[in-house]
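Chain IDs A, B, C and D follow the sequence of writing; residue 1 opens each chain.
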Amino acid sequence: MRRILIPIDGSPASIKAAEKAVELSKLINGELIFITVVNMPSEDKYAFFGMNVEQQFTINRKEMIDKLVQEETKMLSIVVRNLDIGNLKEAQKIIVGKPAEEITKCAAEEKIDYIFMGRRGFSPVERFFIGSVTQKVISSAPCPVVVVNG
Amino acid sequence: MRRILIPIDGSPASIKAAEKAVELSKLINGELIFITVVNMPSEDKYAFFGMNVEQQFTINRKEMIDKLVQEETKMLSIVVRNLDIGNLKEAQKIIVGKPAEEITKCAAEEKIDYIFMGRRGFSPVERFFIGSVTQKVISSAPCPVVVVNG
Amino acid sequence: MRRILIPIDGSPASIKAAEKAVELSKLINGELIFITVVNMPSEDKYAFFGMNVEQQFTINRKEMIDKLVQEETKMLSIVVRNLDIGNLKEAQKIIVGKPAEEITKCAAEEKIDYIFMGRRGFSPVERFFIGSVTQKVISSAPCPVVVVNG
Amino acid sequence: MRRILIPIDGSPASIKAAEKAVELSKLINGELIFITVVNMPSEDKYAFFGMNVEQQFTINRKEMIDKLVQEETKMLSIVVRNLDIGNLKEAQKIIVGKPAEEITKCAAEEKIDYIFMGRRGFSPVERFFIGSVTQKVISSAPCPVVVVNG
């Protein structure tokens, strides 16, 4: 059974990539693993400037991550429900961290065969760019990356 | 007088770029405009999935932006204080928005002659990449962009 | 039947991509179309500077293209012979032009379902780059592009 | 005296970059070094496939390089003549090799302070791309790279 990783950020391109992944998975009896990565600016860099970050910043950051994880979990389940995945096996993961790093790490740990990604995330204006997360995943992935135009 | 825009995200590359900008500005009597852009995941995308984002999410987001603006303002003033700018004229801006868009907009509005940027932001691992903000600014800037390796 | 386009420039990454394409094609009964694009500096730009290019330049250019087409045709047939394609249907094309443009055009004309490409061409040193031909094909392809690390 | 390197491929963007370089050089008494790199497909890769390249290929390749060097030398001198460089010191170099590598090597050897380059070479269609030579020079240059939109 082929294992397919599908990073979802909610962008039309990521959903189009999911549709293409489902289409191929039906032909090869693939197993679908959806992943959404929640990222938040960290306070690490301020230490470098000798700054004491206010305690409230750290508290807010944790609360914000919790809220984002909640909303992204809901969003991911809606995305998957809207796909016509039939009897394909599927799993959903929400991870906190840097998107490209977490996607690459997940691909290695889960012995993924193909990663399906949108060419770019939320930047409809910049329509010729390859999104920075997609670029980084292409450059470091342990398996082929299928890039889908949204 | 030449006007020089210097986006600062606190990364070593952005500080190296600032040093190079100061060096050139002393030769050409440049005026320095430092800019830091605060970005936060927005709830806009969830509407697309018919989700009602909890009110608490929106409240947290606003608080998080306020805290980030405070911390980034402190950081930017420390960065500028640590530069040896002598008698050069300077200004500091903190803006909330998407980094590349705000930098490009500021360059147009302020009739900037040169933008000095680090090649990449906070990704020491990916040392051959051109950071995505730098890529986007290069592609849309109304003036030359001086890219400095950190 | 799924139609798979495989641009080959002779680089290890392009051959690895071909192997991955064959592997998938066996699962989905794919049809393989191999393409090699021969590119040569043209004299067009010199006209812009009011230069009369020597006739000998144009003659040399044509001869050089002929020789390259001969060598690339041999190379492509060796590449395909070395792949274990079994009973899969295959075709080989040598085209003179700009690589990314010709690959994209071919994908549209041949109603291709997937393009399999190496992440980069002949630049082993720059191992984190996405090659410029691959970047351009990703940005303009009418179908998903499977990017394979060499 | 500041040393400015200006790679010229004849594209409008490279000429615009040259104009910006001249403008700055007049303010800082810069010295201008123009460089054009001639590149030709080599036969090296065919050996990998056990192919004996016909002797005629090698002869044609050498002749083609000679012709290109002649034409590019003429083109570069026309480009420089059309610039309003006043009393600035200048030199012109034509080098055979891979463009990004030779530009980076030249920047190191000549102790260059700034490289001025067009954002992209000859691909007006792909107007949002950073050209691959420019990308590579940005990533490996020993000095700041000033990227100019054509």
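Simple rule for what comes next: a contact is a pair of C-beta atoms (placed from the backbone, for glycine too) under 8 Å apart; a residue touches a chain by one contact, two chains touch by 3 or more.
All values derive from a computational prediction rather than experimental measurement.
Asks: Quick one: which chain's Cα centre is the longest way from subunit B's?
Replies: So the farthest one, by centre of C-alpha atoms, is C.
Asks: Taking all residue numbers used at the subunit A/subunit B interface, answer same if over half belong to both copies and different if under half do.
Replies: Over half shared, hence same.
Asks: How many angstrom lie between the centres of subunit A and subunit D, each centre taken as the mean Cα position?
Replies: So the centroids are 39 Å from each other.
Asks: With centres defined as the mean C-alpha position, give me the subunit A-subunit B separation in Å.
Replies: Each chain reduced to its C-alpha mean, subunit A and subunit B end up 25 Å apart.
Asks: Taking each chain's centre as the mean position of its Cα atoms, how many Å separate subunit A from subunit C?
Replies: 30
Asks: Listing for subunit D: what residues touch at least two other chains?
Replies: Answer for subunit D, listing residues that touch two or more other chains: 126, 128-129, 135, 139.
Asks: Spell out the residues on subunit A that touch subunit B in their complex, using ranges where they run on.
Replies: Contacts found on subunit A: 10-11, 39, 41, 43, 45-46, 48-51, 53-54, 56-57, 60-61, 63-64, 67-68, 70-71, 74-75, 78-79, 122, 126, 129, 131-132, 135-136, 139.
Asks: Note which residues of subunit C are touching subunit A in the complex, please.
Replies: 2, 17, 20, 24, 27-28, 114, 116, 119, 128-130, 135, 138-139, 141, 144-149
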